[in-house]
Amino acid sequence: MKILYFAWLRERLNRNEEDVAPPAEVTTVGDLIDWLAESDEAATLAFEKRHLIRAAVDGRLANHQTSIAGAATVALFPPMTGG
Amino acid sequence: MKILYFAWLRERLNRNEEDVAPPAEVTTVGDLIDWLAESDEAATLAFEKRHLIRAAVDGRLANHQTSIAGAATVALFPPMTGG
Amino acid sequence: MEVIVTADAFDPGEEANAFMARTAGAGAAVTFTGIVRSKAEDPILALELECYVELAESQIAAILAEAARRFSLIDATVIHRHGRLVPGEPIMQVMTAAPHREDAFRGAQFLMDYLKTDAPFWKKEVTASGERWVEAKKEDDAARERWE
Amino acid sequence: MEVIVTADAFDPGEEANAFMARTAGAGAAVTFTGIVRSKAEDPILALELECYVELAESQIAAILAEAARRFSLIDATVIHRHGRLVPGEPIMQVMTAAPHREDAFRGAQFLMDYLKTDAPFWKKEVTASGERWVEAKKEDDAARERWE
């Protein structure tokens, strides 16, 4: 599963993307965030404000309850500030 | 006193403007409309829908109660349809 | 703040660019362009706009000043044509600039609502079967009243 | 309906003219242009816009379709830049065309409110003393919620 990072989340993690293989019990976006947060200290800090993390699963906006079953790409990012 | 006419009021009266000298008892826009309506048959017809007539006195939008005392120019016209 | 009442054609995009170029510090610019419309089921050949030019200029200037005050506009311009126009031609354009988008939008809407009812222009449609004056719309009065 | 997500600069007036040229039958066209703003008391050197391009394109297309449906738009276009921009440069532009002005205005406002909260762009301000990510505003969430 490919994870994409944007904006300050990308900067804090110091990577644009990574390939991960979460265990079977990681079934939702929220689970994925919790699991990624345990990777290392930088990740724990980056995901600290968990409620601020937005997501897209396979190119569709998602929320923390959205399933990631079978997903190829999950994007994680802060609240959007376009327009 | 110069009277200016616009749009269908101008067309029905068949004139753009005219100079008039209303009697002393004609003190408001409404009085002026009533007085002009008595000029001839075309005027009676043109001013028939009295409530539709809008006015400007010396270049300021006015209503039927507005005084015309000392006015140099009174414009009379139908509701505006600009924009 | 600029008022242009003219019989000449104008270029909407060029005017918008010129407006934005002279409006430093604005984060938001809104342009409304009114265009001569011809319905397929009832085509018009031309739109004739009659205008009381002196009053139009002073009225639009007053409406602009009020809009700038109410919506903290950095700048605003109204261009309004008169004379004979054909379908597809721009009739008029309102441009507003403000620090934030909501004021720019509301300023432009306010200007449009007031121009519709308080600027001395009269539209006549020329069709194949004759001419007809456009009647003032009740909706336009209602739209204006929401700002009172 | 057109979505342009690009790193290239665009000409706001030229785009508005091209939009109006391809929108026959509209009586009303509204253009909103968002411009990089630098406050005198807190100047910025540049605005860096990060973008998730694929998602931006599909999200904007979905928002456009919804706007067209709600406000009977004849046409609508969104242009949104990403990359490094300097103060005074246009960031993005929304254009709507409708038979009547109220729909054109409301369609453009709807698009703006949704773009602010639902299009994957992130702004970073570059100042003489460093860089800072622009925070999402509560007002933008509130503005969006009025359409729910």
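Letters A, B, C and D mark the chains in the order given here, with residues in each chain numbered from 1 onward.
Note that in this section contacts are C-beta pairs under 8 Å (C-beta built on N, C-alpha and C of every residue); 3 or more make two chains touch, one makes a residue touch a chain.
Each chain and its UniProt protein: A, B = Molybdopterin synthase sulfur carrier subunit; C, D = Molybdopterin synthase catalytic subunit.
Quick caveat, the model's predicted, so the values are computed rather than measured.
**Q** Count the smallest number of chain-to-chain hops linking chain B with chain D, moving only between touching chains.
**A** 2
**Q** Just give me the whole-number Å value for how far the CA centre of chain B lies from that of chain C.
**A** 26
**Q** What whole-number Å value describes the gap between the mean CA coordinates of chain C and chain D?
**A** Each chain's C-alpha centroid was found; their separation is 23 Å.
**Q** Provide the C-alpha centroid distance between chain A and chain B, rounded to the nearest whole angstrom.
**A** Roughly 72 Å, centre to centre.
**Q** Could you please state the distance in Å, as a whole number, between where the Cα atoms of chain A are centred and where those of chain C are centred?
**A** 48
**Q** Can you list every residue of chain A that touches 2 or more other chains, as numbers and ranges?
**A** If we look for residues of chain A contacting two or more partner chains, we find 83.
**Q** When you check chain D against every other chain, which residues touch at least two of them?
**A** Those would be 34, 101, 112.
**Q** What is the complete set of touching chain pairs?
**A** Between chains, contact exists in these pairs: A-D, B-C, C-D.
**Q** Considering only the defined contacts, which chain B positions touch chain C in the complex?
**A** 4, 6-8, 10, 56, 59-61, 75, 77-83
**Q** If we count contacts the way the header does, which residues on chain D are in touch with chain C in the complex?
**A** 11-17, 20, 24-40, 88, 90, 99, 101-102, 104-105, 108-109, 112, 143
**Q** Chain B touches which residues of chain C in the complex?
**A** Where chain C meets chain B, its residues are 34, 49-52, 54-56, 58-59, 80, 91-92, 112, 115-124, 133-136, 140.
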